[in-house]
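In the two assemblies presented below, chain A is common to both, partnered first by chain B and then by chain C.
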Partner chain A sequence: MLKPMMFLLGAAALIALPHGLSFSQQEILVFMVINILLVMSYRLLTLTGEWSLGHVVIMGVGAYASALMTKNLGVPVPLGMILGGVAAALLAVLLSFPLFRMKGFYFLIGSFAAGEIIRLIWKRFREPFGGVRGISGIDPMPDFSIGFYSFDFFEPVSYYYFAGAIVAFCLWVLWRIEKSPVGLTFHAVHWQDKLAQASGVNLRAYRTLAFAIASGFAGIAGALQAHYVGTVNPNSFDIEVMVFVLTWAIVGGTTTFYGPILGCVLLTVINEIVLRGMGFEQARPLFYGAIMILSILFLPNGLESIVQKFIPRKSAAKSDRKAEA
Partner chain B sequence: MLSKYISKGFTRRTFLKTSAAATAALGLPKVALAAGEPIKIGFLAPLTGAVAAWGKPGLDGCMIWAERVNAAGGIMLADGPHPVEFVAYDEEYDPAKARTGATKLIREDGVSFIMMLGGDPWPGVQPVAERTGMLFSTLLPSDLSPDTKTLLAPAEVHPIYNVTGVEWLAQNKPELKTAVMCAQDDALGLPSVATYLAAFEAAGIEMLDEPLLFDPATTDFAPVVTRLMAKNPDIICLDTCYSDYVHPIAEQLFQQNFKGQIISCTADFYDQMIAKTSKEFMEGFIFQFPDFDDPALNAENVNFQDPNGFYAEYNKRHPGQWGAVSWEYASIMDLWKVAAEKAGSADPEAVLAAMKDGPGNHAFGEAEWWGNELFGIDNALVGDWPVVAIEDGKAVIKEFRSIPDWYNRHGDLLIKHMQAYGQMWDQRG
Partner chain C sequence: MMELLAQTGLNAVYAASYISLVAVGLVLIFGVMGVINFAHGELFMAGAYAVVALYADMHLPFFVAVPIGMVFVGVLGLVMERGLFRPLKGNPLGGLVASIGFLMILQSLAVMGFGVRMEHIPPVTQEVWRISDKVGLPVARIYVIVAAVVLLSALWYFLKRTRFGWALRASAQDPEAAALQGISITQTARIAMFIGAALAGVAGALTAPLVSVNPHMGHSVIVTAFIVIIVGGVGSLEGAIIASVVYAFVHTFVTTFSDGVLADIVGLMLMLVVLIVKPTGLFGSADRA
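So, the complex of A and B:
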């Protein structure tokens, strides 16, 4: 009974949240929700032990694909978003052939190189990618009404509800995947790869599967962003943005489902709201770097380790009570 | 805090149509100022990151401009004088952050006008501009299009003014017959490449090679410079490279013993370049952005107020930081101030109408609203532009040249090269 109540309260809080924020904070909230999907999709890839430097470019693949399909082929925006995710997943499958001949550090560098190749293709081919200027005037999500609420997708609140619903669904799917036998196999591929291989697990196939699923969700995140901002260009998906994703994952931690979300939310709030609000507009990179260093020094297992400190105690207390009974 | 609007069936679209009172509460452009209330101006540009050199010095210049205007009594509107203040937002040269910044400046801070660097962030702001009717300015007229009537390029017509430097070179150093060029492969570099190609063609200077486009992430310029020098050109053109590229390229040219002519759109912080190379090496370096202590800026046709005093004050506060944009945003504010005082209002629509009512007093002289052929709209203010050379370690204005005169003679070449690089307004993605 407690769990559904907590869930309902959480959902109500998330629905009410934008109404307690200023306009610019609502805008930041929209991008934060999209970034949560991005970093959570990245986490799925890390479950197999592989860290990529091309994940943001894959997000861009979804953004470009959706933008081109809606703009040039007249595909409806919601369908374009789904197809953007599919395009990103398919490209990941293609990339997996050269990339999964490598492991660890070599995969990391290989993924960076693959990402740069994709970005160069966007820059070089003005048709259809728009060259260095990218694509602008991307169709927004069409407005609609559901009787008691009219969605005007220029408005951050409307887009927050829309993107939030999609991201929540995607997170649920990611959660189900992780808790399924497939997800457990991802963990095995990471931590017990020799044993898993000896048990008949095709390591490369599972790494490819994780890469494709993660890329598909990153592509949806890219499409969500493209149809809100109305423009995509190669610089929006460069290594600097990737560093932010890595930072969210590292500061939050990747061993739990909520770790990267904590990292993304906390660092976004600090960087975009707190530091700007305190008047440290131009000194933000300095503060952000300091926070990174401090968190690595004093929280090597990420923010999730703070939460974990409390959860085991609860479980232990429960077991103690059971034992006493 | 409750949301500033009620969700049920109450969209911004209906709201714009019906509620003037609520509009004022939301800080939309129609907001009326109380007597004596400060006029807020938005400064939406990169203040951190690789492109900050074309944002931060501009904000520093605006702060000096505001102090001087406020000390002189402020901006005189129909209801009396108003002080002016700037509200800055670092958009990090990112369209998404620029959108957030524009929303904040318009709907929370209640600004009357927003100045931007432009470029990549503009498409993210464009829907906000179109929905709110806010008046924006850009330093990059390649952002202009007929879609957004409230975007102006009143300070510089980048990169069209680069033709003046090439034309001056051709007339004053006719022995220079060949050139090569490099540029970063981005939205700032490519239109400039097209412009320089047109200018060289018009001047009868032969390009020895295709422009060398390097990735913006490039940090090692030795191979770039080696390739540029391989053809033994008379002129090496650095296009509109960011100062983070111009400096190492100049350093490499010096180390690889280049003896020819260098031309560049900018030479920000050229004193540091001289320190890294030599005074002799930098002698005759041609670019387009003067120091404002130049006596030529005291001529009657120059409309920038007290340029020498402004430069002295800037250097006192920010020594060694004077750059291409230090004066540009302030010069836009000069234009805005004249227009607001003429309109008697800070309302964006009224200021826009007043600003475009006849020729404009550009910093370097009277200029025309121009650009329909290149940008699809006459929202760029174009007139004379200075050609600057480094002489004895100091930037010196060699001459002011007319951009429209060049365009009237060679406009077809410019359009041809702009089309080849996909830079015409109707070719954008």
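So, the complex of A and C:
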């Protein structure tokens, strides 16, 4: 009885949340919801033990694909968003052939190179990618009504509800994937790769699968962002954004499902609201960098390790898995 | 046409010399510390800003400003070793993230101290060394080439001929065995960080009057350095130098005959191809991954 109550209470709080905020904070909230999907899709990839530096560019692939399809081919926006995710996943499958010949550090650098090449191609070719300026005037999501609430997508609150619903659905899918046999195999590929291989698991196939699924959801996040902002350009998917995703994941911790969400929410609030509110406009990267360093030095297992202290039942299982590594 | 080829070749030699200074420093740090220093491009930037402060603003002679800048960046390297990499030993991903944090700190310090705009630095010398009417090399670029040759030769002598150099190479090869022989790993790490950072700093300081100095200049530097150390083989100093030369020639020629963005794409493709065909790089040994 307690669980559904908590769930309803949480949902009500999330629905009520934007009404207590200023306009600019509502906009930050929209981006935060999209970023949660981005970092959670990134986490799925890290389950197999690979850390990529190209994930934000993959998100950009979804954004560009959806923007181009809706603008040039007249595809309806909701379908464009799905196709954006599909395009990102397909590209990931293609990229997996060169990239998964590498592991660990080499994969990190290889994914960075692949991402930079894609970004430079957007920059270099004005047709169809728009060059340095990118694509502007992307169709917004058409307004619609569901009886008791009508969505007006010039309002960040409406887009927050819309994106929130999609992100919640995607998170639910990600959760189901992780708890399925496939998800357990992802864990095995990371922590017990020799044993998994000996048991007949095709490591390469599962790595590719995780990469494709993660990229697909990143692509959807990119499309959500593109149709909200209305423009995409190569610089909105550069390594600096990737650094943010990396820190959300690492500061939050990636062994639990809620870790990256925790990292994303807390760091966004600190960066966008606390530091901005205190008037440190130029010094924001300085504080942000210091927070990164301090958290990696003093909280190497992420914010989730603090939460786990208070929920001993779950932490026992997790620390078992860590001990194996 | 011949003249254009000769001129582009000279420009490539100049590019190769400062790229190799940066890349050798990065390889040295990776070899001894086992972490990728993402802030290496910002160390380059710090060297350039040292010249802005000392030479352009305080009017010290250029050749006084450069060594001070070099030592200053070397000290930054020591700070990173003590504050970040030593506590994070055995956690390469942690070291990487910490160096990204350090990068952001250096960048915003540069923005706060000097502003986001490009710095104007008075040229050190306007002289041009002429080979023919159309082919020549500005003397300021010759300084960079000479400095690279001298410093890298000195480093080679230090690593191959002195006891400290032996110790350094030993702890890069096998830290445990080196420690058993009485080599202080902490001490060698400190020396490697100082030298590695100082090389990036001196490259930044010497090229400051020749490039556009701004707080975000480190980005293209680190990308180039990554390409070079991957192509040359991570952990191989000779490989880094040879790869610098190869990369500089490819990049300069594509830039001259086509455009800069295409040259970047070609450079990254070069790195991807090497990663796919021979992930340990052209000169890397298989065991050090």
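FYI, the second predicted complex is superposed on the first by the 312 of 325 C-alpha atoms of A that agree within 3 Å, B and C clash if a C-alpha of one lies under 4 Å from a C-alpha of the other, contacts with A are read in each partner's own complex, and residues count from 1 in each chain.
To be clear about the criterion, contacts are C-beta pairs under 8 Å (C-beta built on N, C-alpha and C of every residue); 3 or more make two chains touch, one makes a residue touch a chain.
These figures come from a predicted structure and were not determined experimentally.
Superposition of the two structures on chain A shows chain C clashing with chain B. Looking at the shared chain after the overlay, A:Lys123 reaches both chain B and chain C. Looking at the shared chain after the overlay, A:Ala114 reaches chain C, while chain B stays out of its contact range. Once the two complexes are laid over each other on the shared chain, residue contacts for A:Ser136 go to chain B alone; chain C is not touched.
Legend: residue contacts after superposition of the two complexes on their common chain; A:Ala12 is shown touching neither chain B nor chain C.
Within the superposed three-chain model, A:Ile28 lies in touch with chain B and out of touch with chain C [touch as defined at top].
Within the superposed three-chain model, A:Phe154 lies in touch with chain B and out of touch with chain C [touch as defined at top]. Touch counts on chain A: comparing chain C and chain B, the chain ahead is B. Touch criterion met: A:Pro285 reaches chain B and chain C at once.
Contacts of A:Ile306 after superposition on the shared chain: neither chain B nor chain C is touched. Of the two partner chains placed around the shared chain by superposition, chain B and chain C are both touched by A:Ile239. Common to the chain B-facing and chain C-facing surfaces of chain A are residues 120, 123, 239, 282, 284-285. Every residue of chain B that touches chain A in the complex is listed here, in rising order: 1-4, 7-13, 47-49, 52, 56, 88-90, 93-96, 99-101, 103-104, 107-108, 120, 123-124, 126-127, 131, 147, 185-187, 189-190, 215-217, 422, 427-429.
By the touch rule above, chain C contacts chain A in their complex via residues 36, 83-84, 87-88, 91-94, 96-98, 100-105, 107-109, 111-112, 219, 223, 226-227, 230, 234, 259, 261-262, 264-265, 268-269, 271-272, 275-276, 279, 289. Residues of chain A that touch chain B in their complex: 18-24, 27-28, 31, 120, 123, 126, 129-137, 140, 143, 145, 148-150, 152, 154-158, 225, 229-231, 233, 235-236, 238-240, 272, 276, 281-282, 284-285.
If you check the complex, the residues on chain A that touch chain C are 51, 98, 101-102, 104-106, 108-110, 112-114, 116-117, 120-121, 123-124, 239, 243, 246-247, 250, 282-286, 288-293, 296-297, 300.
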